[in-house]
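Pasting the structures here.
What follows is a pair of complexes built around chain A, which joins chain B in one and chain C in the other.
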Partner chain A sequence: MIKIWSIKKDNSSAEKKKPKVSAAQIRVQKDLTELALPETMQMTFPDEHDLLNFNLSITPDEGFYRGGIFRFTFNINNNYPHDPPKVRCIQKIYHPNIDLEGNVCLNILREDWKPVLNLNSVLVGLQYLFLEPNADDPLNKDAAEDLRTNRKNFEYNVKQSMRGKDVKGVYFENVLS
Partner chain B sequence: MKVKIKSWNSVAIWKWDVPNEEVCGICRVAFDGCCSTCKTPGDDCPLIWGECSHVFHMHCLLRWLATEGSRGQCPMDRKAWVTAK
Partner chain C sequence: MAATQMQTDIPTPQDATDTVKKDWPGRWSNMNKFLDRRGPFCDSGFIPGHGEDILLNQCRILVIGAGGLGCEILKNLALSGFKEIEVIDMDTIDVSNLNRQFLFRQSDVGSPKAKVAAEFIMKRVAGVKVSYYYGKIQDKDEDYYLGFHLIICGLDSVEARRWINATLVNMVQDDPERIRVLIDGGTEGFKGQARVIIPTITSCYECSLEMLSKPTSYPICTIANTPRLPEHCIEWASVLQWPKLRENEKMDTDDPIHIQWLYETALARAKEFDITGVTYSLTQGVVKNIIPAIASTNAIVAASCCNEAFKIITNSQPYLNNYMMYTGNEGVYTFTFEHQKKSDCPVCGIQNISVEVKRDITVEDFIDFLKEKPDIQLKKPSLTKASTNEKIYWQSPPFFEQKTRPNLEKKLSSIVEEGDDILITDSSLPISLTVKISYV
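This part shows the complex of A and B:
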């Protein structure tokens, strides 16, 4: 006969000693093991014990943004996966879907987030933003207008911005690798 | 060699009657385990089915529905969540 009560008591005292691993941490751990990171992406953890805060760099190998390194921070709160990760671009870049403060306009990071999505879905979404910037849902209206009206001009301005030059009086960060 | 059974321990195995999916899409823990906030599988951590036929740990689904971003929708298809009877 197993004494359920005594087992439960033992468990609870063991838990007090160990720092509790949150459901969010468990889920992130699962996401990370399922992650298929393409060669164009790199993840770094400033604090190896903290899986909820990390950096991601993207080096697109095609499209307008080819040749740059774009750096993002990920902050995941304890309500993950019910809340989406908070993703920010830490450089000032010229992109229709990323504003000058680094806020990212990606539907799955906002209104279309679902808790059945995972970090892989977010990475695929970010990758896509660099391959196919979208003028229909802009955070940087100037860049969106540029892309919509004159792709050649947009391409030129992106290259200028990536070299740390100014576009229409706004200076951008040099992101060339 | 002859074996004589002296004692007999029966071990009960139970399983939720779940069709295709074997893990909860929210916490990604198997349905015959409990969600990541619970400790013991079984009645303490029941499953819940929606009319859309999607199934989750009840605890996982309730936490989602309590999150503002859910807008009362199924975590899988984002249709209005209606619990199946």
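This part shows the complex of A and C:
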């Protein structure tokens, strides 16, 4: 048993060189330094001292989206990993699970997030969205419908959109550069 | 009436003004039944007869939060004989608090909770001194928290509790004299918990982060395409429509104009899909993630917290080891268990070692030295200077690996001074390791 009254009052402020780093920060640092980033993903930090806000680009080397560069922003708050990172696609792209505003439909970014998951889990999830777009969880209903009903047509639409052309009157961003 | 008769041996003061300074004989006789004699479960170190003196004249206790739990905690402590209390809270009183935060009245709306609560307790309970701080817990430093014998926390914010927990754990610095026990109470609707956290010794708040129930959230594709519930419509307004239509405006969930906009947007959506139940107050509840506060849950959890405080301070009975959860959803149920420390806890799981190295060792050689050191067995350590957060060498991501690679051939002593700490992360460490450097 701890006995409060046997603990003497602190007499000096002693040495205090403990880092003023939050638990969230330490977790992010651990997540980042242990990432095994594949060739198809690049991470950049606009402010090197700010580990909580960074950019990610994905360059799929297979699948419908091969040859494009897809850019995302990551926003982590100080309540990580209780709260999931906020991830947004900053280009307007044609994808069943990403809407025209850049919202991403990935279960572990919202309803299925758990503190045991980490940044690597999110990266794997994002990568997978480009390899296997999913018509069952649509955020862009038109794209999902195209994928479900006519894969050839969907593939054509993806190629068009990636060149900055329009799909049914909606113009997309050129992601080939 | 029966209760009053049982207590006729305790004289009560004649009128309230009388109570301000005076104590009266027999006032603490109920408390003293526990403090003046040994019981079968007493700790061997317990000395009967000193309790009243400890409670009344020596103990300084800090209460964090003066809301639903805080009001109960302050009242309980004052009536249990604690005489020197300080309370911190950063909020002001809202009219919606008045149904359960019983230290506040209509005329107090808009005033700081900490101030009104402190003044109310002092007016009502003779001889107790309650000081207050109206502001954030983050404004205070270690010296401030070391100035109390015990800290009770009745907060509703996960972030604030993580902060105070980390502060109290980091404060210990291998010196048991710097341990301050934290009693943490929490409630959510009909559920709650009370726990005793002895920093660095028991599991801490951060260790149990995974146990927290998280706010309900719905799949974003459901919100976008197949709404069925009023909540789906409200989330559609706040998560998808706000950023789209009011792109450059930050949503303020305390601004009634913003809530009104979300409500109207959600209502239109609900009409389109034939969904009923979208109201202004539901909108507010969903976007602010309000869980109804139940007065009796607060009372039960606060009672448990103060019970533990009394036992720990007086040493008169064994205290909670270390987690009591309460649910009142179906009947009344409590479950007490010892929550285990987590080795990968980023607060209490950080290991510390000291090493001696040659003054001319390079960063690269130092990393090899760490990898070969049999007692730690690191694989790919990433090094950060703890005092400044400067990256010494990071293995990943490539962005930082390339930037820090030139440091590999530098002397470690050109970056890290004698006595400095290096924070190390590595896949073989549960969380991280702090290495104190000395040069030979």
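Observations
Going forward, the second predicted complex is superposed on the first by the 157 of 177 C-alpha atoms of A that agree within 3 Å, B and C clash if a C-alpha of one lies under 4 Å from a C-alpha of the other, contacts with A are read in each partner's own complex, and residues count from 1 in each chain.
By definition in this document, a contact is a pair of C-beta atoms (placed from the backbone, for glycine too) under 8 Å apart; a residue touches a chain by one contact, two chains touch by 3 or more.
Just so we're clear, the structure is a prediction, and the values are computed from it rather than from any experiment.
Looking at the shared chain after the overlay, A:V116 reaches both chain B and chain C. Comparing chain C and chain B on the residues of chain A they touch gives the larger count to C. Of the two partner chains placed by the overlay, neither chain B nor chain C lies in contact with A:Y171.
Of the two partner chains, chain C is the only one that A:L139 touches; chain B does not reach it. Touch criterion met: A:M43 reaches chain C, while chain B stays clear of it. Of the two partner chains, chain B and chain C are each touched by A:K30.
Shared contact residues of chain A with chain B and chain C: 23, 26-27, 30, 79, 81-82, 111, 113-116. For chain A in complex with chain B, the touching residues are 11, 23, 26-27, 30, 79, 81-84, 111-116, 118.
On the chain C side of its complex with chain A, the touching residues are 43, 45, 54, 58-59, 142-143, 146, 149-150, 158-159, 162-163, 166, 170, 173, 175-179, 181, 198, 201, 206, 209-210, 212, 214, 217-221, 224-225, 239-240, 243-244, 312-313, 315, 318-319, 346-347, 350, 380, 382, 384, 386-387, 389, 394-400, 403, 419-421, 423, 425-427, 431-432. By the touch rule above, chain A contacts chain C in their complex via residues 1-5, 7-10, 13-14, 16-19, 21-24, 26-27, 29-30, 32-37, 42-45, 48-49, 78-79, 81-82, 97, 99, 101, 103-105, 107, 110-111, 113-116, 137-139, 141. Within the complex formed with chain A, the residues of chain B that make contact are 25-29, 35-37, 39, 60, 63-64, 67, 69-70, 75-76, 78.
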